[in-house]
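By letter and in written order, the chains are A, B, C and D; residue numbering begins at 1 in each of them.
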Amino acid sequence: MPIYIDQNTRVLVQGITGKQGSFHTGQMIAYGTKIVGGVSPGKGGQSVEGVPVYNSTFEAVEHHSAEASILFMPAPFAKDAAFEALDAGLKIIVLIPESVPLHDAMEIMAYARQKNAVVVGPNTFGLVSSGNSKIGIMPNRYFVPGPVGVVSRSGTLCYEIVGHLTENEIGTTTVVGLGGDRVVGLHFIDVLKKFEEDPATEAVVMVGEIGGSAEEEAAAHIASSMTKPVIAYLAGKSAPPGKRMGHAGAIIERGRGTFESKAEALSKAGVKVADLPMAVPPLIKTALADK
Amino acid sequence: MPIYIDQNTRVLVQGITGKQGSFHTGQMIAYGTKIVGGVSPGKGGQSVEGVPVYNSTFEAVEHHSAEASILFMPAPFAKDAAFEALDAGLKIIVLIPESVPLHDAMEIMAYARQKNAVVVGPNTFGLVSSGNSKIGIMPNRYFVPGPVGVVSRSGTLCYEIVGHLTENEIGTTTVVGLGGDRVVGLHFIDVLKKFEEDPATEAVVMVGEIGGSAEEEAAAHIASSMTKPVIAYLAGKSAPPGKRMGHAGAIIERGRGTFESKAEALSKAGVKVADLPMAVPPLIKTALADK
Amino acid sequence: MKLYEYLGKELFSQYDIPVPRSKLVESADQAGQVVGELGEVVIKSQVLSGKRGKAGGIGFASDFAEAQKEAARILDLKIDGLATEKLLIEEKIEIEQELYLAITIDGSAHRPVVLASLDGGMDVEDVAENRMIRWPVDVTLGMQGYMAREICRRMGVTGNLQKELVNFLPKLYRMFRDQDAELAEINPLALTPDGLVAADAKVTIDDDALYRHQELPRITEKTALELKAEKLDLAYVELEGDIAVMANGAGITMATLDMVQHYGGEPANFLDFGGGADLEKTAQSLELLLGTDPKVLLINIFGGITRCDVVAEAFVRVKENKGIDLPVSFRLVGTNESEGRTILEKVGIKTFTSMDEAVRHAVVLTGTV
Amino acid sequence: MKLYEYLGKELFSQYDIPVPRSKLVESADQAGQVVGELGEVVIKSQVLSGKRGKAGGIGFASDFAEAQKEAARILDLKIDGLATEKLLIEEKIEIEQELYLAITIDGSAHRPVVLASLDGGMDVEDVAENRMIRWPVDVTLGMQGYMAREICRRMGVTGNLQKELVNFLPKLYRMFRDQDAELAEINPLALTPDGLVAADAKVTIDDDALYRHQELPRITEKTALELKAEKLDLAYVELEGDIAVMANGAGITMATLDMVQHYGGEPANFLDFGGGADLEKTAQSLELLLGTDPKVLLINIFGGITRCDVVAEAFVRVKENKGIDLPVSFRLVGTNESEGRTILEKVGIKTFTSMDEAVRHAVVLTGTV
């Protein structure tokens, strides 16, 4: 039983006529995603990769009763588009843009809470129900079905690790990109809960990084509520304090958010922390074998 | 089974140390209301009519796990107090103040919707579960138990009509004052639904007036969904257009909200419209006898 | 509080909402002079009436003489019974299309609602239901870009006009919210070669929120007596009849008037002196009513917070100090009823316990039935 | 973007938040002159370091000579490696009590959070957990009066100080929201006989929202090269080692640095050239790295949106145009991998498919292991 999305999830692409939007529409369709419509104000009536384009999200929802939306647009326009998606009743919103202002992101999350909607991102690669549907920008070929759930704060590093799993013939149930920003909609705990409930998921990989306290909170949750094995990889061990390492959230500030604090918390919670990306598959194999 | 409140409902009084607040605290206790605490910023530690006073609603809720609150304060402070009550988790908020700014009232209602709370008023006399509990400023003696639910936009006129019922030995289940303002929390339809579901209520009296469209909407609801008999009295038949008759909502504007439109809509819905307040009890008697 | 058109437009300008260039004048000569500055002009009476256009309160001129003549004509006019004190002289704008746009409050949804239509210039009631777009506003969200775009879509507006409206609507909403408006209506909203221009402005500010808008002038449509009552914090409305009515509560007062009419009488006023009034306020209410020179005085008291003895004492005080030499019909029930009755009986005033009887008696006293 | 204290205080003043009277100066003589205007003063280095006080960056003076001397001393100081360019000279205020007050963003709750403590003057980490009140703010509500009162209650603040704080907090929140701040910290917040005064100001503005704050000056803590990278829209951070690292994605870049260190090497930098970069941007990234004069170049490409052939072509272009005369360890997998490999082989560059091997090779190439 897939979590969040499955092969029947009806997806809109907001900002479908842009370069990124149109390219990834094609990629998502190729993966099997049910893209039912696109939105691009002023360009209604066109079609992209065979998908009809509408002037407003309301209009697209009226025609296609969509449930999810993926957003491609410059950051200054993300809030308006996300609010429109939420107001139009969509329940899964994947925010691809990076550099969304923090206060905009907080307002989006507050409105999503009111609407009981799930926001993935911003600054995420999206999420994929392996073999079923992807709403995101991840390369298609690495995401093949299997028993492992993956949740990650970063993109390419996640592909790297999923790539190692794939090489080792270990597939995934669902892979979720939380996004690299300080304020994002989904956190490790949200996804870990879903994996715990998902009968298809036998083990979990979490890909964390320095900054914030999401990994420490996840550790507390795992210790108290997870029965499935969790393997972690954490990036940023070598990062000096006070330097933001690309991601808005990846910074050691005021002594908080260090690699050591995260690794220690996770280890205490029974999570095996891999010291290298390639160390993840053996740990997963052991975990799966121990079941 | 009482609606909204019963003899166990735990009530706070916000603005308890003021003249109105302290007087009505005594009156409510005399009626049987479970007043568990009062709030008056800066006056925590005092006691009014034996009720402990706190500096904040949060503090009062912490100590007494209250469910409802009645607010006495000048209109400019009503919004802050109502938000505090909602934020502190109270689910029934009775707003006594009149002259609350419309935009403040709209913001209160929006927040109450988020919090799944019921706001009665503003500019209401409150509500009473006859013989059990009252959260309001209505005179105690007219509200005796019986089979009739009453819902009214105005105060003294409602007492007049309930007085006529009492003289005729017809008691009430619950009496709800909606409030005389243009923006109020509860509307006729909300209360009519509750009366329809309430096994103790055998017939309903609604006391309406000119202005707005609440009576017309109620009529549509009654026609489609009410099985219990409804008797109405409408004030303002003689009011000229464009003159606001005391209540903020009681005005015939742009040809809307007239007595005739309301009376016609209600009659069509099968509601008997009394031409005088004293004509209500005979109509109710007939309705109860016809059951 | 309704604002004159020119004040509404001053508010619009504060929010960067385009209005025609204009001058406010008070005489025909001034009107004439303005033509030199603005060229072809529209001359508009500044009265608070929706019937201004139909009543001839708008004129056109392109030179001094024309403007002077039209202005003089309008200044002489009575519109809906109202005289014109100020004229707004506006440049004539080139209108390509007329829209209707308003934000008002939908009490039953307890929300603001945007009303927008391509049928500008018509009265709001005359626009076909399916041609009037209604967008309820979530006050926690306000008016955001996507909402404006969606309103445009539902109106069938595209292209340049859409861009204009998407820019325009959030400004109007901000004004509506910030200024505690209960109505902000622009009819027509004119599409000109330079973009959208508010050709008219009907703005009403919530009276209960005026305390936070000290910068706004105070405009009243009330009579002198109504103003006096307002100062005393009484809800008072002048009517045409001869039975002065006083009661405690808006609903019961309305019901009393209705009953007066039901029995063939004509109420002279609406006076709700509220719940829990003290002796002073009650006495002032009575004095106010006596000043209106009615034939009969009808007092209807159902005492809840209001104490019957206080009302009775106030009555006696006014009777002794000022004299009450007209017939009185007095209904008195509720809190401290018997004390009140005793006080009144001492000065020879009989009271009723039934509202019905009291009203019928009042009508009889007018001698008209 | 971190603001200097004086800029933070300028923002405070815009929101009616009291700050001490002050003058900004750039020389010791100017500092001396200011004493005449302000009386007893505090002289504060305007550097972006939390260690200013401990490093001697604050002085006191009550006359010209003292101020001149202290100012000169501070201007000569290096604080956290930073020189002082400006001094803020403030009137010395009479402090009755020192509080801590901050608003920051709690990422895990995706909300702002107010931090308030009676233990002002201490570092935020040193305040005992139960003495630090945390109030998460619902952004749809903002900071309302009752919340400020409740924060006071939880702090144990009553009386006059409560009134002051209830007035103060909403202003600070409004500043925080309007200015897109991610941190607004006042430590100490001083209670003086005239009320609360912000004795310090640490304000950080969200870089991603700077585009809507054109009125704010641009302050950077970046090196020249980091600034150059910023202009090219690259995430670049200078580090101390000798292996220049370039990868596509923040997480993978961090992981690459970690692995370099794991195998005993030292990275010279963090350079994430992002996903889907074109030939131009990729070439610019390479040129930037070569300009830093590293011993070894490590390129780690896991192509998703990023195309391997584009990266290879960019490499060849830079190699041919500018020359790349240092050893390179190149990892290349993903989209158009074989095309990329072919292009590189033509110029004699061998590639790895394993990140692990590529990193180990890079470390070996430094000759330090």
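Before moving on, here are some points about what is shown:
Keep this in mind: a residue touches a chain if its C-beta (ideal position, glycine included) is under 8 Å from a C-beta of that chain, and two chains touch if they have at least 3 such contacts.
Given the structure is predicted, the values throughout are model-derived calculations rather than measurements.
When chain centres are defined as mean Cα coordinates, D lies farthest from subunit B. Distance from the subunit C centre to the subunit D centre is 56 Å, each centre being the mean of its Cα atoms.
One inter-chain figure worth recording: subunit A and subunit B are separated by 48 Å, centre to centre, where each centre is the mean of the chain's CA atoms.
In terms of their C-alpha centroids, the spacing between subunit A and subunit D amounts to 26 Å.
In subunit D, the residues that reach two or more other chains under the touch definition are 140.
Counting only residues that touch two or more partner chains, subunit A has 111, 114. If touching chains are joined by edges, the resulting network of the protein chains shown is one closed cycle, each chain touching exactly two neighbours.
Pairs of chains that satisfy the touch definition comprise A-C, A-D, B-C, B-D. Per the touch definition, subunit A reaches subunit D in the complex via residues 20, 75-76, 99-107, 109-111, 114, 125, 137-139, 152-160, 163, 180, 182-185, 187, 207, 209-210, 212-214, 217, 233, 235-240, 243-250, 254-255, 275-278.
Remark: subunit B residues 41-42, 55-59, 80-81, 83-84, 87, 111, 114 touch subunit D in the complex. The residues of subunit C lying in touch with subunit B in their complex are 105, 107-108, 110-112, 124-125, 138-140, 177, 180, 182, 206, 208-209, 211-212, 235, 237, 239, 247-255, 257-262, 267, 270, 272, 275-276, 302-305, 333-335, 354-356. Across the complex, subunit B is touched by residues 140-141, 144-147, 149-150, 153, 158, 162 of subunit D.
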